[in-house]
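Have a look at this one before I ask anything.
Just so it is clear, A, B, C and D label the chains in written order, and each chain counts residues from 1 on its own.
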Amino acid sequence: MLDELYQAIILDHYRQPRGRGELEPPKITQEGFNPSCGDEVIIDLRVEDGRITDVRFHGHGCSISQASASMMTEAVRGKTLAEAHALIQQATALVKGELDGDFETLGDIVALAGVRYFPVRVKCATLAWHTLEEALKQVE
Amino acid sequence: MKTARLSVNAGEVRRQFPFFQPHPEMRSVIYLDNAATTQKPYTVIEAVSNFWAHHNATVHRGGHGVGAKASELYEAARTRVAQFLNAREPNEIVFTRGTTEAINLVATAWGEAFVQAGDEIIVTELEHHANLLPWMRLAEKQQATLKVWRITDDGRLNLDDLRELLTERTRLVAVSHISNVLGGVNPVAEICHLAHAAGALCLVDAAQSIAHMRVDVQRIECDFLMFSGHKAYGPTGIGALYAKREHLEAMPPYHVGGGMVQTVRWERVRWAEPPMKFEAGTPPIGEAIGLHAALDFIDSIGREAIESYEHELTQYALRRLQETPGVRLYGPVPDRTGIFAFTLEDIHPHDIATVLDTRDIAVRAGLHCAHPLSERLGGPTVRASLALYNDTDHIDALIEALHHTRQVFGYAG
Amino acid sequence: MKTARLSVNAGEVRRQFPFFQPHPEMRSVIYLDNAATTQKPYTVIEAVSNFWAHHNATVHRGGHGVGAKASELYEAARTRVAQFLNAREPNEIVFTRGTTEAINLVATAWGEAFVQAGDEIIVTELEHHANLLPWMRLAEKQQATLKVWRITDDGRLNLDDLRELLTERTRLVAVSHISNVLGGVNPVAEICHLAHAAGALCLVDAAQSIAHMRVDVQRIECDFLMFSGHKAYGPTGIGALYAKREHLEAMPPYHVGGGMVQTVRWERVRWAEPPMKFEAGTPPIGEAIGLHAALDFIDSIGREAIESYEHELTQYALRRLQETPGVRLYGPVPDRTGIFAFTLEDIHPHDIATVLDTRDIAVRAGLHCAHPLSERLGGPTVRASLALYNDTDHIDALIEALHHTRQVFGYAG
Amino acid sequence: MLDELYQAIILDHYRQPRGRGELEPPKITQEGFNPSCGDEVIIDLRVEDGRITDVRFHGHGCSISQASASMMTEAVRGKTLAEAHALIQQATALVKGELDGDFETLGDIVALAGVRYFPVRVKCATLAWHTLEEALKQVE
């Protein structure tokens, strides 16, 4: 179980986060915060013609929250808003153990599946995704 | 009515309560002080014990599985309270020690933020001190005016009197759902409606109604409503405040401390979202879980069944009290519940209670934490108050003991 | 030390706790989160259950024998707390929900009456939010100045720094007896002495000391001191505030409601005497009785025995932690108790706690409701905290699990 | 037990209280109040040359509190302060069931002995005596 949580791929995203940083304006910024443990993820987005053209994150927290944010930036860059929404759905369902069927399309994100055995950590894994969801509300 | 009567068997209900089981060292008591506090079923005592024995941990702090389980149980209790009151969402429920703390919370956090000099607050003449003193103090502090909605001579609230009192300066009407002395059910939905029409909020003290009738915050349309666990077959140390989400969001916090903040820096504090914002420090976790079990107990009997059973018992008690020589009964006759304040001849209520006590009948005597109302009634009274586990035998024993009391004090048979 | 060690047998102590008994559906846990809350012995759970089962009634209201017995038990609990703290009289003890409520009570009732614009309040940098936010809020409300007594780099409070902060405008020094993060014991008697010499009062937050060392209010000479039952083997929902009688008399009430008045007329309210003045509404009766049993439990082991046993265990844990590669331990080394905040390599504390949790070791990770202190330390930490029932095996298991954690995160053996 | 509490003599003092009323000034007045039940006893005293030359009470409450006050006025009228103090001692010990030995000298007060079986009522029976004690403090 522990091995499933702390897979090499998660530790790799934690140690070498993709998409870490901030964007120059104009951008959309959204802050996400988990008061029970202090994890913080701030997302910068650029959306053009209904497509996420660039995305970065910064903040601090546990390996799960930061790796999840890193994976998120990789996964949604270049996606349409509709595709991003679908990914948010799938990723959050995955970490709660509620996703049936096709995992193939998720790429690295699949590594988050192990979180389902650790209810205390679900909030860490979903933080970046919920923050993205809030950010997209700013677009719409 | 008849069918509903069949649905509650008080004798069977008593078997679910350790208090009513024979005990080698204790005399069995006919408990008629339910408006003060109710007895607790085994399921409630066991829910609390079981939590402390096996799941005890503090809540909402990351770390370990025991804590996660404790948090889950605590939040399940909140959801249960929300459902019991028909709140829109669990986040509208704040756990408090009881009714008194909940009203103090509203009077301080909401009151000091939203009541200004010259504003008016309306309270009724039949309030318990818990729903009186916080408003007297708030009015004094904010230089607001406290207006008293007097009762009629037969112990009721007349809506026309409220219409006269309401003005555009009225910020709040605070009223109890059921008076803890007179037992009358107040028309709280109509009161809230009138308050809202005048631009005021409405607070309902449900301490005496919660265990005896359906309390539906969406139907009442109240802004605030609160009750105590210990008067609803639950533990001491726990109660709940319901408040519309918009109010909880607008109000500043009450107690401050751990668990109710997002971040604390020397320069700036960010509060957590409601309801956490109002639950500073370690909450009464075991007690919230006990309250959950108490609400389950109530629903296992059925609120409609309870209401109609208690209604019938109330009618019986009313009849028996009215036919007892020397008894003077207070409060309205229609729309009343099983709370009976009375006097017997000119025997002092404490003397009556003592005679009843020697017959192992527990009632209360005095001013019932409602001095202004008691003064209006002419002084102290005896109060007998019913619950689900009482039955006609208890009323009969009470009446017989009242006859005996008259004899002790030299009144002719 | 050796002889004292023999006086506590942790294995035997654990047999007095249901939490540590084998359970068919639950895994047994090495509980190292005692600074958050302690487990409860059978005697405490039974005292509360027994009250609710057989003696349940509300207190301090005339009427019947059950109520008289309940009042007697409740007041006996107050007397027990007074004796445990060596207060001069039971009337110096006010029951509250816990430490947080007690500090809010003092900050509001005493603070708003006695702290004026321009006055100063001193808090330390190592306070829990419960002993920080009430003072930040009071300072803001009264336009007083909050002064922060910084810790030294090795996590201690330097009395010379306090001497520099104290002025004739200082009204209060608020300090915890033991930090809930660093575990250091603060010299509270000296602090109170300095505060008094400057004309200020002194408040001691004893949440972390009450179960682990002798707390004697007359020896400390504090003006206010408070603790929570649930951190001292007692139930949730109960705590106590000690205050010198003169302060309780001078302070206005906090919550207002039933039970804390002599008379209420529309024109005028006469408050009851302390401590009743501060206990509005139905108090946590069962919980107070549970707290009584918890203090009896502590004294059945012996406070000197506990202190010396835990001291030895603390020394052992210190040694083992210090020799574990990658562990960085915070807090002072001498005069410290069994609360260990640490980090391991650059692994995030939540990740550490999760790995430990899979080995059924319960610790806490995060900012420990002490954000300013955590910021000073550089961020979140893991916290392992000891109690009476822990022993060296538990420390060994913790250390082994930390080695394992390093491996999981790819640090060389 | 109940018969011992509500003896004819107590009910008689309750119905026909002796010493009920107020004194004209100069006098010492002391108010006594039992917040848990609302009983009230107000005592007016006149003390000359260390002797209680007159005493009255008024107030309201249960039969025990009022009968006790009535008995108290009868018992202490004409007594020296020292004798009054001794009576306070004896009467309060009596109602708590703590008095050994000689009851003879107590007169009607002996009727209060039945209160000892009713702990809830002890405060009613002692109210007048404690109030007298406070009043005497004003003298000294």
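Assume a contact is a pair of C-beta atoms (placed from the backbone, for glycine too) under 8 Å apart; a residue touches a chain by one contact, two chains touch by 3 or more.
Every value quoted in this text rests on a predicted model; they were computed, and no experiment measured them.
Engineer: Counting only C-alpha atoms to place each centre, which chain is farthest from chain C?
Structural biologist: D
Engineer: So, what's the distance in Å between the C-alpha centres of chain C and chain A?
Structural biologist: So the centroids are 39 Å from each other.
Engineer: Measure off the straight-line distance from the CA centroid of chain A to the CA centroid of chain D, and report it in whole Å.
Structural biologist: Averaging C-alpha atoms per chain gives centres 80 Å apart.
Engineer: Roughly how far is chain B from chain C, centre to centre by C-alpha average, rounded to an integer in Å?
Structural biologist: Once rounded, the distance between the two centres reads 31 Å.
Engineer: At which residue positions does chain A touch at least two other chains?
Structural biologist: Residues 36-37, 120 of chain A touch two or more partner chains.
Engineer: Mind pulling the chain C residues that touch 2 or more other chains?
Structural biologist: If we look for residues of chain C contacting two or more partner chains, we find 61-65, 67, 261, 263, 350, 357, 365-366.
Engineer: Classify the chain contact graph as line, ring, star, complete or other.
Structural biologist: Contact pattern: none of line, ring, star or complete.
Engineer: What's the complete list of touching chain pairs for this entry?
Structural biologist: Listed by label, chains in contact pair as A-B, A-C, B-C, B-D, C-D.
Engineer: Under the stated contact criterion, what part of chain D meets chain B in this complex?
Structural biologist: Interface residues on chain D, with respect to chain B: 1-2, 5-6, 11, 36-39, 60-64, 118, 120-121, 124.
Engineer: Any idea which chain B residues touch chain D in the complex?
Structural biologist: That would be residues 347-351, 354-355, 357-358, 365-367, 379-380, 408-410 of chain B.
Engineer: Using the touch definition from the top, list the residues of chain A that touch chain B in their complex.
Structural biologist: 33, 35-37, 119-120
Engineer: Which residues of chain B touch chain C in their complex?
Structural biologist: By the definition above, chain B touches chain C via 18-19, 23, 26, 29, 31, 33, 36-37, 39-40, 44-45, 48-49, 52-54, 56-58, 61-67, 97-101, 103-104, 128-130, 132-134, 136-137, 148, 228, 230, 235-238, 255-259, 261, 263-266, 269, 280-287, 350, 353, 356-357, 360-366, 369, 371-372, 375.
Engineer: Quick one: which bits of chain B touch chain A in the complex? Just the residue numbers, please.
Structural biologist: Checking each residue of chain B against chain A gives 60-65, 67-68, 72, 261-263, 272, 276.
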